[in-house]
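Labels A, B, C and D are assigned to the chains in the order they are written; within every chain, residues are numbered from 1.
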Amino acid sequence: MSQSEHNIDEQTVAHAMKQVSAAFNAQHEYLTGLDQAMGDGDLGITVTKIATALEQYAQTDPAGDLGKWIAGAGMVVNRAASSTMGTLLATALMRAGKEARGLTELTPAVLSAMLVAADVGIQERGKAKPGDKTVVDALHPAAQAFAEAIAAGIGLKEAGQKMLAAAREGRDRVTPLKSSTGRAGWVGERTVGLVDPGCAAMVILLEALVGIT
Amino acid sequence: MKKILNSPQSFVVEMLDGLLKAHPTMLAYAGDDPHCIVRADAPVQGKVGLATGGGSGHLPVFLGYVGKGMLDGCAVGDVFSSPSAEQMYEVTRRINAGQGVVYIFGNYSGDVMNFDMAAEMADMDAIPVRTVLVKDDVASAPRAEAVRRRGVAGMVFAFKVAGARADRGGTLDEVAETAQKALDNIRSMGVALSPCTVPMAGKPTFSIGEDEMEIGMGIHGEPGVKREKLQTADQVAERMTLAILEDMDPKPGDRLAVMVNGLGATPQEELYIMYRKVHDILAERALSVHRVYVGEFATSMEMAGASLTFFRLDDELADLLDAPAHTPFFTQV
Amino acid sequence: MKKILNSPQSFVVEMLDGLLKAHPTMLAYAGDDPHCIVRADAPVQGKVGLATGGGSGHLPVFLGYVGKGMLDGCAVGDVFSSPSAEQMYEVTRRINAGQGVVYIFGNYSGDVMNFDMAAEMADMDAIPVRTVLVKDDVASAPRAEAVRRRGVAGMVFAFKVAGARADRGGTLDEVAETAQKALDNIRSMGVALSPCTVPMAGKPTFSIGEDEMEIGMGIHGEPGVKREKLQTADQVAERMTLAILEDMDPKPGDRLAVMVNGLGATPQEELYIMYRKVHDILAERALSVHRVYVGEFATSMEMAGASLTFFRLDDELADLLDAPAHTPFFTQV
Amino acid sequence: MSQSEHNIDEQTVAHAMKQVSAAFNAQHEYLTGLDQAMGDGDLGITVTKIATALEQYAQTDPAGDLGKWIAGAGMVVNRAASSTMGTLLATALMRAGKEARGLTELTPAVLSAMLVAADVGIQERGKAKPGDKTVVDALHPAAQAFAEAIAAGIGLKEAGQKMLAAAREGRDRVTPLKSSTGRAGWVGERTVGLVDPGCAAMVILLEALVGIT
């Protein structure tokens, strides 16, 4: 395998965006249901709005700077959907974009740095820590697992599977816990045993990304 | 879903269009994005700017308090969801008259994160910003975890006194401190009898039995303290009054402003029946009532229910609360 | 029945108790019967008295407009039923400052008969009385039978201009003539999406399908023009606007005051979406909008729906409408 | 039969009041139903309030003046129930009382004059004419029939039956018509074929009165 086979080009990034859109559109009712169980119910709307925005944005031209382009997607997402999940995703895209400034292709190492930056960005923005039962509990282990795999020289495909497994495991690990952050924090005891909607959305997103690698 | 609208997608933008057509001398668009609304005379020279923002579906909150003596601008989100950081920043930029801008908004994570981002953008443009979070709902977390509490109708009192302080020439820090001092003395609690429907969702946010109520429910349908059998007006009023008083712990002789707020579908007759009981309990405890506000101040669309807010006043706060104000939804002489 | 109350029997009296406790500087009991309410400073010397009355369940109508610049007193009936002639007379007696009293109230047979009896009692006591009936609901009878029309939200405009006329020293006949002139230029129409429940009855006054509305329905649930499928906000607003304009027949260049009134459960967001369309139609027809009132001015408890009122103004009426007023539910500066 | 056997004394009038109360209490749901069909629904509440007021008033002492006492019942009824029906009934009682001023017993002739005065009073107060489909369409023929029978020397019992027949016939005669007065007037065409609630209430009242003669 040549080096460039492992790299992600502009077209693939645009395709990835469309895949995430499709996945969000397909799963919005499921996410609404999870969010309603937590005393809210707008997450499905949020991901639908993100999907529409990303689908449209994916038609635009990265113009030789994938990093700027991905950060721009973050702005678009924030404009389209500014609920917690939308804002966190926007932050993630902006931070991830920063790691790819000026690039036309993303190497595995860059991808790994982008995912870590997204994780850090979301933690800084939302001030939630692992274990608080938020999207962080899916993303943080995923970013860690992916970074470790890439650092160990594991191929992109397999690293993606490890990342996914870590995300799902993270989501499931916090399901028995009580939500303490955001709206769900007010539901208190009644959240024990319920899947965190943000974790579920993150797993859907990562599944869509891995699906295209 | 039984609503008078054209389409869920156009709900907020058309609502704003109607609002600005109805109040052209009071409100204006900040720029091209209809979600950014400012006073028609913004920026007001020599005055600290006051901004708020949050989801739609709560009229008069938030937008309805933009006007003389209260707020300078508001970023308006979709129903029950935060506006974007860019929109908040656009409002900030338009209302800043060089004295800086104070943000006062409810403690919801989407709003908090976006206002944080907006403040970072403002900082890059050298506009000084102070943030004051509204966390008045005593039912949303115990006193020990008061930082987690959400903001409900009590924010209106904060808008009012901070607005008056800004009008009287308060500096950025003074206005922020006044808002914070007010909020330290503001406590609320609500009760819901029916759900409401977000237009884009098309179905009720939750369901509740024909003979049930939920004490402590938030203004988006956030769960409260307890789901239970519908009680009498006196029982409901007494529970909310006692819960707030316990948290606030006022002393005999203290002066309060009282707000009985309808969440949307509850007739004003019922709000006054509740106020009656509140009044009697306060009188028994030798707490004096400085001002009374009964009506709809912060709603959840067509939710049936009410909230109660107490605002403990000292001379400064009472004086600021009494100052005149004139906005599309709030006129005080 | 899901209401915040203590008992259907005590509903009205407790509501009044709460209202007077909340507004002690504005309202007072006329005497021993709590159903008779007057301005705290009644009788106002040198001024013609203005009285209204009617059933409860319509707040702010009727009682909410007792205050500076509007009414002097109000007889309050049970929910949706007329107060007694004796109660009306008691109010009349207490607000008469020697200049006589004008009655302004809605054209409902119970109210008409009781106010007629009250006027007879006043006559025996040599208190001159004039009666002006509100019949603004164009949906309640065709133009040829306009005398049969019922009175809805348009009465608020009549209270406002008659109150201003009385404040400015109008004689008994002048105040009555001003009220009549205003009402000759006031037309309304409503739409209902849900019923409401009279506490004593315990069940909804009528039923309506999940996807239905009734155009032209009255504020007690009186049938309207047509029961049909729920339409869009623009369609509903257009139908009401056109029906009123056809009946009123204003000329291009005429000046209107516009009221979009919520019947109880309809969120203000939806009222503004309706106003938007009304505004656009009026602009197309070169009718100018002098003042806009959007909110709850005359309700049917928790009924979902809205009404639209147009008030055609000449210079005199515009000037009287613009005058300041301050009552528990209506403050204009 | 002695003359006084045909007369109605204080006790009988008080008893009549209680009978009317009982009948109204028994029939309030039926009347609410009729009124709801007409687009309202408060008539049951109205008659319940009248019943409570009259029952209480019937305990008081006529004190040698049945006329004043009956007129007083009118005041009490107006205070207790001031909807259309309550006000009309109050007017009827006041006018009927006037015809019996100073009396301790009511002769058939006085009773007849009282009923006619009630009819006239209701027509003056409500400005409805026979045929408008209001309570007048039950009361007016009843008052006429009773007056004719008494004038023709027919006994009280039989006169009462004639009155009742006329009231029922009047009620049924207007059922096929369209209501044109009061709230029901706004319902227009949809009232065709519906029993007028006021007529129904008047028949119930007259039945209760006749039941005790």
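Here, a contact is a pair of C-beta atoms (placed from the backbone, for glycine too) under 8 Å apart; a residue touches a chain by one contact, two chains touch by 3 or more.
The shown structure was predicted, so the numbers you read here are calculated from the model rather than taken from an experiment.
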Quiz item: If subunit C were absent, into what connected groups would the remaining chains fall?
Solution: A, B | D
Quiz item: Between subunit A and subunit C, what is the separation of their C-alpha centroids in Å?
Solution: 56
Practice problem: Return the distance between the CA-based centres of subunit C and subunit D, expressed in whole Å. | Solution: 33
Quiz item: Where the centres are mean C-alpha positions, what is the separation of subunit A from subunit D, in Å?
Solution: 78
Quiz item: On subunit B, where are the residues touching two or more other chains?
Solution: none
Quiz prompt | Multi-partner residues of subunit D (each touching 2 or more other chains) | solution = none
Quiz item: For the protein chains shown, what form does their contact graph take: line, ring, star, complete or other?
Solution: line
Exercise. Go through the chains and record each pair that touches.
Key: A-B, B-C, C-D
Self-check item: subunit B contact footprint on subunit A (complex, rising order)
Solution: 32, 36, 39-42, 44-46, 75, 78-79, 81-84, 86-88, 91, 125-126, 180-183, 185-188, 190
Practice problem: Note which residues of subunit C are touching subunit B in the complex, please. | Solution: 2-7, 11, 14-19, 21-23, 56-57, 59-60, 64, 191, 193-194, 210-211, 230, 232-234, 236, 264-276, 279, 292, 294-296, 299, 301-302, 304, 306, 324, 326, 329, 331-333
Practice problem: Quick one: which bits of subunit C touch subunit D in the complex? Just the residue numbers, please. | Solution: 77-78, 80-87, 108-110, 113-114, 116-117, 140-141, 148, 150, 198, 200-201, 205-206, 218, 220-223
